[in-house]
Structure formats: structure tokens, C-alpha cells
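Here subunit A shows up in two complexes: once beside subunit B, once beside subunit C.
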Partner chain A sequence: MLSGWFILLLSTVYMAILFAVARFGDARADAGKSIISANVYALSLAVYCTSWTFYGSVGRATSGGLSFLTIYIGPTLMLLMTGVILKMIRISKVHRITSIADFIASRYGKSQLLAGLVTIIAVIGVVPYIALQLKAISASLDVLLLDSDAGFLPWWLDSTFLIAGLLAVFTILFGTRHLDATERHEGMVAAVAFESVVKLLAFLAVGLFVTYGMFGGLSDLFQRAAASPELGRLLQLDSSRAGTWTAMILLSGLAIIFLPRQFQIIVVENVNESHLKRAVWLFPLYLLLINIFVLPLAIGGLLHFQGQPFNADTFVLTLPLSRGAEGLALLVFIGGLSAATGMVIVETIALSTMVCNDLVMPWLLRSSRIGASKDLSRLLIGIRRAAITLILLLGYIYFRAAGEAYALVGIGLISFAAVAQFAPAMFGGMYWKQGTRAGAVAGLLGGFAVWLYTLLLPSFARSGWIGNSFVEQGLFGIAGLKAQALFGMSGLDEISHSLWWSLLVNLGLYIIVSLNSRPDAVEAGQAERFVDVFRHSTQETDTRIWRGRASMDELVNLLERFLGPARAQQQLSIFANERGTTNWRNLPADADLVHFAEAQLAGAIGSASARVMVSSVAQEEEIGLEEVLDILDEATQVRAYSRELEAKSQELEEATTELRAVNERLRELDKMKDDFISTVTHELRTPLTSIRALSEMLHEDPRMELNDRKRFLGIIVSETERLTRLINQILDMAKLESGRAEWTTSEVDVRDVVRESMDSLGQLFREKGVALSGELPETCPLVMADRDRLTQVMINLLSNAVKFVAGETGKVHVRLSADDERVRIEVSDNGPGLTADECTVIFEKFRQGGNTMTDKPQGTGLGLPISRQIVEYFGGNLWVESEPGAGANFIFTVPLPGPEEQQ
Partner chain B sequence: MAHKILIVDDEPNIVISLEFLMKKEGFEVAVATDGDEALAKVASFAPDLMLLDVMMPKKSGFEVCEALRADANNASLQIVMLTAKGRDTEVAKGLAIGADAYMTKPFSTKELVAKVKSMLGVC
Partner chain C sequence: MKQASPTRQRLTALSLIGAPLLTYPMLNLPSGDLAGIPAQFFYLFGIWAGLIALAAWVAEHKGK
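The block that comes next holds the complex of A and B.
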């Protein structure tokens, strides 16, 4: 039997451990050794899983089957949009955002009106949710104490109120321990992460106990469920509820970032943007783990309590208790307590910051009640503590009043739908520069009104607090205004219905009003800085948009009043260090300092109030909208220039690559020229060598034998001829290549050319015993060419042929033919033939065919290259067709003149 | 006993003049007109000194020189490279490969004879 006092003691001890964790986290943060790692950050996101998850999921699964999963699919999908969340975090860091109200207000020109509006919506939307947590703790206590002395407390004190009070005390200790009211609370984050582990372990423990201790494992449970027609339904995906699924996923996806506690944890408490990368997979994994046993528990509960009255929301407690496992029940209770306290603490801190900065401070500043007070940081803390107490009190009152009116899940979704109203103003503010304050206010008011009318008020009506005629018959009896079937839209469940209409009105008003209103200077500047946060991350733009005069003393005074003297001077010293001065008193009171002061104040009292305070001490010049846009435009131009520069340097790089390629080609050409000269040198020196050696010997030995003398002189003469021929051909080649050769073009009968060439070489052929035959047509069209040059080609081909065929058996045949386009001359021999390689090589300079030692001095290696140059000059071709052992057939063509040339 | 000289060149007229020149100086002379023949003659004729042209068909003078220097039996063979390409790189390459001396064509007959004699130690 569990005693009430024992449970209370256990709860208090658990809270004390939590507090110790928080103290440790704060101490480490103060020492500069933050314990907020990527894992801690990811775990702290699990503050999303409240007692509603812990107890309510099982309850929801008993009626809706798998549809409870939507509440977890939405956040998983939302976290995948890392870019969006990252941008939110970056904006918040740059602008020192303290809450979601601060975020929206800052974007739309640091508007106090918007900040207040968002705060009111958040408080109204979330207080029922806090009530829900109290209800969960209360319900779990009732189950534990079912059979024990329920009256262990005096009649004027009920257990839920006691718990609310305890929570208030702990929240105050967690969230406002520091005298300086800055936006981050590392100790709290550490405690929340710790609680996430506790609730996960507790839920897994009861899941394992029921699945494997009370039943025969997962397959046993699912088989039993499938066997029963009523339970089998839980395992089916109900396609008729697809609309609800979509709505639920959207709703929970928005809630994971827009619930004040989620925004606080994900955005405000983020210490390192890279932590988000871990959270993207670790948090969904956490959700998966905590949901694994939901369906087994639901089925187990329904099977176990068949035929008895039961409350599915408390299965996790009643199932272990039914087997007398009181220790496990206590662990589950602590897990539920973790889920509830984590949510309440973070949510209340986030809300109290908003209430303090965005509702109370603006009112105090306007009513100038605080003028005399020197140090306001204590006042700030006081306001927050009061706000925490008040919010929890409101939650308790709502819990008492609402009582059993609604199932747990209902209240949670109503809260989700309320914070979903922030979506248009938030996303629009981050990605759409044209979104204006007027648009945001109109959208929020419209969406909130629809939410109130279609969701919150009907829930009041269901509790019997107000008449339900507006639900049943419509407002003023107009059927189109039925609260849960607006304009005849029925058939949707109430949440989908409300979400559809409220977001439609919200988004529509936001866009239409934004397009029809003009932002002022501050707003336009903020819009630019929010949307392009990754470009404006330096303070340069900020300081350029501020112009005016400020006094150092007044700014310091302002900081000391709101941050406390010690912290103000500490921050000033850090700022002075960054600017290269050791003493902050020497700093100029310029735009940088003003901006720094405003950022510091924003961290403590929100951007809207900070703006008011700074402008109250500085004589600021009004800067017009046009001017702000100009300044921001300048920044755009600078970006354009840098893009241009980038393009230029790209071009330069390309030019360099091109130059390098050209240079490479030049180097190749240079090498070719070098090789050519080297080859020419070689060809010239070779005959010179014989000439010099032989002449020297003749010169030195006058008594040389006559035979030798004659032989040597013969060689000298022939080598000199060779040298002359070589020089002539080199010069000829050079002329042809440089285009300076002289051409005498006239009408030529190619048959004459062939005949003359054959005649002039006749002697040479006869000497070697080589047969030369010709095959000339009766008539031949005339070509336009240089007669002497054509003869040169012909003689070259014939002398090559006679050089390479064998004496006595050699045969050379010349064949002339013509068609409509060209004259074709073939010189074929029965010599050794050429390989495919040689067929190309022989047309290169100084490359001679074969290895014929005998006739070597006759060749210069330039004949064929020169012949080819000549033929190509007339527009023809010169090539060889040959195979080794099959003789060679040299062919060249000369084109006939075109019809117009003939005339 | 007369020293033996192997003349390797693919230009018949140069071979004629070198052969005459060396015989007149009292050396025993053999001739090869390409790289492969040169290697065969080194084995059969066992010359003391070799006048080796660089630009030759089948095997260049560089290849012949490398092949000879790879065989320790030919360590005492003196090699004089003859080239019509006067570039410094050719000279450097020839000496690096293992030639003992280098002459550029056209050469002075007196110088060539003096160099050959000094290398063979005949004065």
C-alpha cells in the first residue's frame, strides 16, 4: 500500500535531484565550460513529450489506433527542414531574441503591439495545456492512492494545488536564479535533458513489463488483437481519416517550433548551430523509442480489463498495479512527473519572459513609474517570478474549472492549433520582405478569432460554461456560422475544421494587408536583415542605419539599470576589448556603442522595449524609409560588385588557361623548328665531312696515287653537287612554305608534261635497265597550272621510282586519265613497296624511304614534301598506294577549272 | 702489332675517306654501315678503337654505345663518337652513355688522327 506522504517525499527528492542537475549546469556555464553538447540539446527537445504523451498516447491508441503517430511524424518532418530552423536560430542570435513574441515583434519593426498580441495568444492558448499537465499528475496520484487514505491532506489543501505550488517554486528557482535577466538558462536545459532520459526509461520499463511480463511478447499481443474484431481495427490504417492525418501532421509539425517552450529550447537555448545536425536524427529516434510500446500497452490494457470499467489514459499505472508491481508503478509515476514538470517549467519560463518583456515592461515604461529606481534588474526578476506564479495559478484554476470536461488529448490539440497561428507571420517574416506589421497584426487577429470561435469556445460550451447554441444553430441562428461547420463545411473533425479556417483567414489577411500597406523605415530595415540574415551577419549595416547623438553616461546608466551594475560593466569591458580598448570609458558614444547597448537590453527586456529605452536617451535623427532602403541597396550593390569581380577573376583564369595552351603550342612549334634546323644542319654537314676529309688528304699528300686521287676528286664533285641540290631544295621548300614562291600559271596540257619528263629521264632508265612505259589518252582537258612546277613533280616521282626498283627487272608505268573534275596521273613501279607507316612518313621532310645505301647521296629527303606542296597549291592531292612486296603507286590529281573559270 | 680500328658510318663517302685515312696511319681497319653490323664486327674483329657515327639506320650510335658498355668484355674498347648534329645536348648524352671522345662533323683529319693516336697511346 502506497502512502501519500511517501509519494510526496519521493516527488520532492526527485525534484531536488533535478535542481542539483540544474545547479551543476549553471555552475559549469558560469565557469565557461558549458555542458550543453549536441546530445544534451537533442534530448532537451524531448520536452515536446509531455505527460500527454506519457499517459495520453495509450489512451488515444485505444480509440484511434495508429493515428496517435501523427503527433510524432509532424515534428520529425519539420526537423528535416534544417535550413528553416537554422535560419531562425541565426536570426535570433544576431538580434538577441528572447522569445517567439520577441521574434515576431522584432521582425515587424520592433512593434510593442505585435509583441503583446503574440504574448496574449500564447498565454490563452497554452494555459489549458499547463492545466492538462496538472490534471495528469493529479490523475496519476489518484490511481496510486486509490485504496489508501485519500484524506492525508487537510481539507483546504488538495494534492494538485500542492503540486502546482511546488512547480512554481522550482520554476522560479530554475528560471530566475540569476539576478541578470538574460535569455539563456543552461542549467534548466540540462535538467530537461535529464528528465527526458527518466521518462523514456520509465515508459520503456512499463512497456517491457506489460509486453513480456504480463503477455507473451509482441507477436502474442498482436495475434490476440488481430483475433478480436474490435481490437483488430486498431492495427488498420483507416483511409477515411486521411484528412485528419494530414491536419495532425501539419499541426504537430508547427507546434514543435512554435510552442513557446519549443521555441525557447530549439532556438533561444541553442548554444551551437551544429548541434541541430545531431538533433535531426536523435530526436526522431527518441520519439520512435517512446512510441514503440504505445500500441502494445493499449492492446494489453484492453485485453486485461475486458469487461471492467477502465480509464485508458492511466493504463501505464493500472497495468503494473494490477499485478502488484508497486515499485514499477512508482517509477512510472516519476516518469510522468518528469514529463509534466519538464513541460511546465520550460513553458512557464518562456511565457513569463514574454509576459514580462512584452506586456508588463512596455506598460511600466510608458507609465514612467520606474523613473527613479536605480537598479531595475531586481524588478525584472520580480516581475518574472510573479508572472510564473500567476501563469501556474491560471493553469490550476483552469484545471479546477474544466474538470472532467474533456479528454486529455483534446486540450493538447487546442493549444497546438493556437500556436499554429504564428506560422504565417513567422515564415513570411523570414522569407518574404514585403510582409508588413499591419499584415501580421491582421493575420494574427483574424486567425486567433477563428480559433477562439471554432475551437476554444465550443470546448467551453461542451463544459457547460456557456450556451452551446452557436455550435448547434450558428451565431444569431445563422446556419452558415455554426462554430464547427463554418459556411456549411461539415464532415471534418473539429481540429481539422478549425485549422483549415483559421490558417486560411490568417494567411489571407497577412498577404492581402501586407500587399496593401507600406512598412516604415525601422520595419523595412528589419525585414531586410531577417530575410537576408546570412548576408547581413556583420553589424555594419545596423550601425549605418542609425544616426544621431548619444551620451556615454546615459547609455551606461541604462545598461546598469536593467542588467545590474556588475553585469553591465562586465559586458562593456568585453565590448571594449573587441574594439581594441582596455577601458570602456574611453569608447566613443557612436552608432556601434548604441547598437551594442540596444542588443544587450534586448536580451534582457526584448527588442521592442529595448528600442523604446534606447531612443529615450539618444537624440536620434529620423531616417526616412527611402534612405534606409538606399543604404540597404548599397549593401546589395556591394554584393553585385563582388559577384562581378568573381566573374572577372573567372574570366582571367580562363584567359590564363588559353594563354597556357597557346604557349604550349608555340613551344611545340619551336621544338619542331629546332628539330628542323638540327636536321638541316646534319644534312649539310654530312657531304661537307667527306669533302673536307678528302680535300685535306689530297692537300697533304701530293704523291698520292693517281687512281685514288681521281676517285677522291670524283666524290668531292658529286658531294658538292649534292650539297648544291640540297641548298636549292631547302630554299625552294622555304619559299613554298612561306608563300613567296613565284608561280607562272597558264593553260597546260598534262600529256606534254608527262611526255617531256619521261624523255628527259629516258637515259637514266636505260642505264639501269628499267622499263618505262606510258599510257596517255587521245585527248586531255587543259588545266590551269605552272608547267615547270608540274614537270618538277613528275620528274621527282619518276626518279624516285627508278631509284627504288631493281636493275634489269624493274618496271615503271605512267598512266594519265581524266574525268569531269580532275586529271589523274599515276606512277607505279614493281619495287619493294612501302608499309602503311612508311606511306605517311615519306611525305615528311628529310624522311627517306628504304635503306638503300647505294643511292643515298641522290636523295635529299625533300623531294616528296616539295611535290606535295606544289600539287596542293593547284588544289590537287598527292598520295601513295602500296603494300610491302607489291610495288608502289604514286598518284596525284590536278582539278579542272570550274565552268566560270573556263569562260 | 698494329692497332685495330672499326669505322661505323652509313655514308659511303665518309667511310671511304676514314678508311683511307686510318690505313695510311698504319692501323688495321674494318668497316660497318649500320648498328647491328657494328656489334657483330666488334665481336669478330675485336677492335681497340671505334669511330662511331650517331645517325644511322637500324641502331643509332647511342644504342650501339649503350649495348657495348653493358658488356664488361668490351671495357677496354675506346669509342669516339662522330656526329653531324652539333648540339651540346648530343655531346653530353654521348659522353654520359660511355663514349670516350666526341668529334663534330666535318672534322679536321689532323685532329682526328691526333686524337685517335693519343687515345691508343701511339705517338
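The block that comes next holds the complex of A and C.
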């Protein structure tokens, strides 16, 4: 039997571990080594899973089957909207937002009215939810202690109160370490992430125990349920509740970002925007895991306790206990405790910040009480600590008062519906510049009133605290005003009904009033900065729309009063450093400083109060709405221009690079031209010199022997021929290169070309004793080309080959082949071959194979370049494959005409 | 205008695909049971797990 003292001891030890984790987290944060990684961030989001998930989901599944899943599918879908959440985080960082109330107030012109309104809605909506957590702890204790002596504590002290007290101490210690509420509570986040792991493990353990220990696995449970008509109903989704299903997904999707504790964890405690990338899948995975065994547990409980009285909300405890697994039951109890405490801690911190900054501060600032006090930072911390205690106390009182009035699940959804009222003002504020303060106030008030009337008051009526005539007969007996069937709308469950009407009224009022009101200057500026946060994240525009006079002393005095002298001076020094001054006392009291002071104050007391305080010491000139809009517009335009300028200069740079490249190419061409001319003149001079020398000899010596005379004349003739050939080829080359060559394109059978060339050079081969062989196919497709030009290429290749092979042993082989795309001609020889370098060099003008320094030049050096030009003109290629000593293989291809050209 | 990051766009697309898949009338489609487990149970957890897996892949995928 579990003793009460033992359980209390266990709870205390567990809380001590939490303190240790939080202490460790804070110590690491102070040392600058944050333990908040992406995984810790994602796990801390699971503060969403409260005891309502831990105990209540099973209870809900016993009546609604799988419909409990909607509460977890909604957050999955909402979290995937990363753009929205990222925008919330970015706005909050830029504007030093401390809570959801601060967010809405800051967007609509730093309005104290709105901040207070949001705070009141949040407190009324969420305190019952805190009560629910306390109730869950109390209920689980009752189950564990069912048979033991309940009176182990004095009557005035009950265990739930003790735990609430411990929670208050924890929250005060780790939630109010710094005054600056935008500063993160890393220890608290670490503790929450730790609790998330504990509750998941505990729930999985009991799920596995019941599914596989008490029953024969998932399919056994489902089959036994299907056999009973009553339980079989739970396995099927009820399509008549399709509307409720969708409404629940919407509701929970809104709750995941608008519940004060969720906003605190997702937005305020976010260390690094990139952590969101992990959370976007890890947190949904967590939700999936913690929900797998909910339905099996519900069915298992219903099967096990058939015919006995039972409370489905505590199945996770009673099932293991019924089998005597006390250890597991204790683990489950700790898991439930984790779920409850995590939620209470974060929710209380979030609410206390809101209460302090948005309810108490405005009231204090208005009364003259604090005028005399020098250092207000202690007072602020004190207010926040008192708020924490008060909220927990309120929760405890509510829990005591409400007692057994509701099922666990009921309160959770009522809270969700309350915070869903923030949706129009939040989304509108982030994406719609025209949304105004008046619209937001009207929407929130309308939606909240409808929520109050259709959801909260009926739940009071059901507890018997107030008469239920407005639910049964309608207000003043008007049937159309029945609280849970407004204007006769029935067929919906109470939550969907309330959500539908409240959001309709809220959104309608927000839009209609916004469209019919004009924002003031501050508001328009904030709207611009919120909606375009990704463009306005620099401070430059903030300082431009403030104009006025301020005194350095007064600003510093203000900061010292609210932040404490030490912290104020530390922040001022940091600010001075950023602006390049070492001593902050030398700073000018300009718009930048005023803005800095306001931002610092906003982190401590909220944007609305900060604005009031700063304007009390700085004489701000009134700037009209038009002017603010002009300045902001101008800033946007300047940015647009600078972007344009950037694009232009980039274009310019590209053009410059291009020009430089072209210039480089031109220089190269010029150099090539010079080289060409000098090579050509050199080539021309060689034969000319020999002609001239021989002619002179003939001219001067009339008695020369006839034989010598003949020999000399023969040389002159051949040199002249060479000269002519050279000139012809240069002309040819010039024509080809300038594109002025004349081409007569017709259908050509390449076999004819090859045969003809071989015939015409046959004599040359025979003279040198070189064997020439050909290999021509039976048929060969016709190509479109200039027959004479092709012959020129062929003759050039053959005459090159015969030039380089050795006499008598030389062999030259011509091979013609064709495939679907091209005709291929190879001229291979068994000459000395070419090195890899030579294989490319010989296609350059005036470059010849062989050693030109020692050997007599064997050609003009233009044949191959010309041949290549010709082949490329027809769309083919000319190249050589060779290795030294292995002969050379010259190959060229001529493409076949495409099908459309053939027709 | 600054372009929204492709990762963000892909995740949002997942959300927009997931919403119709996890609501009516799609939920009416699965019927009967698989290995003794109701098909709707399988369907809901399957689609949900699939979304999470895709989101993990998109979010943790390095580069563009």
C-alpha cells in the first residue's frame, strides 16, 4: 500500500530534481554557454501537453473515440506554417515584446487599453485551466491514496495546496530572476523540456503495459472492442460530427500559438530562429507518440472495469493499480505531475508578466504613488512575484470552488476558445496594415462577450452557481438567445457553437470598425513596422519618426528608476559602445537615445507603459499621420532605389567584364594578324630569294653550261609554282575566313570523291613506291556538300600522307564508312606519327609536321587549316589520331542531311 | 521584395496539403480493418506520421 508520506516525499524529490535542472540551465546561461538547443526548444513546446492531455485524453476517448486527436493535429498543421510563426518571433525580437498582450498592444499604437483587455481575457480564460491542473494533481493523489489513511496531513493543509506552494516558489525563483521580461528564462525552459521527456516516457510505459501486458496487443484490444456494440462505436469516426472535427483542429491550431504559455515558449523564449526548423517536426512527432496509446488505454479501461463504477479520466492510474503495478502507477503519477507543473509554471510566468506590465503598471503610473521612489526595479520584481502568487492562489481557489463541477476536458477547450479570440487582432496585425486599434478593441470585446455568454456562463450554470434559464429558455425568455443555440443554431456541440459565433462577431467587428476608423500616427507607424518587419528590421526608420527634445539626465534617471542603477548603466555602456563612444555620458540626447530608452523600458514594463514613461520626460513634437506615412513610404522608396542602384551597378560590372574580355580578344587577334603577316612574308621570301639568286646567276653568266642552265630553270619553275600555290592558298584561306568563299552545294557521293582523289594522285604514289589501298562500302548515302572542296580536302590528306611515309615500304589506307548521322573518311599511314602536341599544332596556320629547322619544308603549312575550315563549313569535323612511331590516322566526317532537308 | 525561403514555402505547402487529408470528407474513405486494427486508426496516424516525416526531411535537408 502506498503511503501518503511516501508519495509526498517522492513529489518533493521530483520537484527538487526540477529545481536542480533549472538551476543548471540558469548557471549555464549566466556562463554564456546556453543549453537551449534546437531539441530542447522543440521539447519545451510540449508544455502544450498538460495533465489535460495526460489524464483527460483517455477520458475523452472513452466517449468520443478518435476525435481527441484533433487537439494534436491542429498544432501540427499550424506549426508547419513556419512563415507565420517566424514573423511573430521576428516582430517580437525587434520590438522587445514580452507577452501576447504586449504584442497586440504594441501593434495597435502601444495602447494600454488593448494590453489591459487582452490581459483580462487571458486571465479569465486561463485561470480555470490552471485550476484544472491542480485538480488533476489532487485527483491522481486521491486515486493513489484511495485505501490509505487520507488524514495524514492536518485538515488545514492539503497536498494540492502544498504542491501549489512549491510551484509558486519554483516560478518565483526561476521566472523572475531578471526584471527584463524579454530576457529568457533558460533554466525554466530546460526544466520544462525535462518534464516533457518524463511525461512522454511515463505515458508510453503505461500504454505498453496495458496494451501488451494486460491485453494481447493492439489488434486484440481492437477486436474485443469491435465485438461489443457499445465499444465498437468508439472505433468508427462519426461523420455526422465532421463540423466539430474541423472546428477542433482550427481551435487547437490557434491555441498552440495564442495560449499565453505557448506564446511565451515559442516566441519569447526562442533563442535562435533556426531552432524552429527542428521544432516543426520534432514537436508533432512528440504529439503523435504521446497519442498512440490513448485509444487502446480507453478501450482497455472500459473492458477491464466493465460493470464497475469507474472514472475514465484516471484510467492511466487505476489500470496499473488494478494489477498491483504500484511502481508503474507512481511513474504515471510523476508523469502527470510533470504535465501539470510544467503548464502551471510557464502559464503563471506569462500571466504574471502580463498582469504586472499591462494591469498594475498603468495604474501605478497614473497614480502619483511612485513619484518619490528612486529605484523601482525592486518594486517591479515584487509586483511580478505577487502576481505569480496571486494567480496560483486564484487557481487554487477556483479548483476548491469548482471542485467536481466539470469533466477535465471541458475546461481545457473553454480556455482554448478564449485565447482563440486573439486570432483576428494578431493575424490582422501581422498582415493587414489597415487594421486599427478601434477595430481590435471592438473585435476582442465582441468575441469575448460572445464567448462569455455561450461558453463560460453556461458552464457556471451547469455547476449550479447561477440560474440556467438563459441556457434553457434564452435570455429574457427569448428563444433566439439560448446561450448554446444562438438564433436557433443547433446540431453543433457547445465548443464549435461558441467558436463559430465568437469568431464571426470578433472578425466581423474587427474588419468593419477597422475600415471605418483612422489610425493615429503612432499606430500607422507600428502597423507599417509589424507588417513589413522583414524590411524594417533596422532602426533607422524608428528614429526618423520621432522628433522632439529630451534631456539626457531625465532619460538616464528614468532608466535607473525602472531597471535599477547597475543594469541601466550597463545597458547604456553597451549602447554607447555600439555608437563608437566610450563614455555614455557624452552621448547626445537625440532620437536614437530616446528610442533606445523606450526599447529598454519596453522589455521591463511593456511597450505601452514604456511609451507613457518616455513621453513624460521627453517633449515630443506631434507628427501628423500623413507625415509618418510619408517618412515610412520614403524609407521604403529609398530602399527600393538602393536596390535598383545595386542591380544597375552589378549590370555595369558585368558589362565591364564583358568589354574587357572583348578587348583582350581583339588584342590577341591583332597580334595574330601581325604574326600572320610576318609569317606570310617570310614564306614568300624563301622561294623569291632562290628564284632571284638563280636568275641573277643565269643573267650574269651567259656561258653557263646548258645542263646547269636547265637545272636552274627547272628549280626556278618549281619555286614559282610553289609561290603561286602559296599565294592561291593564302587567298583561299582569306576568303574562307572572311566568309566570302563561293560554295556550290549539291548532293555528293563521297565514294566518287575518294575514288577520284586516289586516281589523280595514283601517279605520285607509284613514283615513290607507296602502296595506296581503299576500302569503300557497297552503298553510301549522299551528303550535301561542295564536290570540289571535298576533293581538295581529300587530296590534301593523301598528299600529306605520301609526303611523310617512307618510300618503298610506305602504306596509305583510305576507309570510308557511314552511319545514320554522318559519313566518316579515314586516311591512315604508317609514317613516323605525331606527338600529342603536334596533333593540335598541325592544324594551325604555317605549322608543319617534321622538324622545320633542319628539314626542307615539305608544304605550305596551310593545307590542313584550310581543310579543317572546309569540313567544318559542312558541319563536320577533322582531326588526327596518332602516336609517335605508330603512323597517323586523319579522320574527317561529313554529316548526313536531316530528314526535313532530304525531302 | 525578398523571396520567401523555399524551405518555408515547402513546409507551408505541407500544411495546406495536410489540412484536407486530415479532415472530412477524406476521413470517410478508409473503412474496415487491417490485421484487426481499424483502417481509420491506421489512416489518421499514417497520414500524420507521413506529414511529420516529410516536414523533417524538408526542414533538415541542407542546401536549397
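Just so we're on the same page, the second predicted complex is superposed on the first by the 633 of 903 C-alpha atoms of A that agree within 3 Å, B and C clash if a C-alpha of one lies under 4 Å from a C-alpha of the other, contacts with A are read in each partner's own complex, and residues count from 1 in each chain.
To be clear about the criterion, contacts are C-beta pairs under 8 Å (C-beta built on N, C-alpha and C of every residue); 3 or more make two chains touch, one makes a residue touch a chain.
Note that the structure is a prediction, hence the values are computed from the model and not measured.
Taking subunit A as the reference, the larger set of touched residues comes from C, when subunit B and subunit C are compared.
Contacts of A:Asn830 after superposition: neither subunit B nor subunit C is touched. Contact with subunit B, but none with subunit C, is seen for A:Leu694 once the two complexes are overlaid on the shared chain.
When the two structures are aligned on the shared chain, A:Trp281 is found in touch with subunit C, with no touch to subunit B.
Of the two partner chains placed by the overlay, only subunit B lies in contact with A:Asp708; subunit C stays clear of it. Residue contacts after overlaying the shared chain place A:Gln112 against neither subunit B nor subunit C. On subunit A, the patch touched by subunit B and the patch touched by subunit C do not overlap at any residue.
Taken in their complex, subunit A has these residues touching subunit B: 678, 681-683, 685-694, 696-697, 700-701, 708, 711-712, 715, 719, 851, 853, 856-857. For subunit A in complex with subunit C, the residues that touch the partner chain are 66, 69, 73, 76-78, 80-83, 86, 218-220, 222-223, 226, 235-237, 239, 242, 245-246, 249, 277-278, 280-282, 284-285, 288, 292, 295, 534-535. Listing the residues of subunit C that touch subunit A in their complex gives 2, 4, 7-9, 11-12, 14-15, 18-19, 22-25, 27-28, 33, 35-38, 40-41, 44-45, 48-49, 51-53, 55-56, 59-60. Those residues of subunit B that touch subunit A in the shared complex are 10-14, 16-18, 20-21, 24, 33-34, 55, 57-58, 84-87, 104-110.
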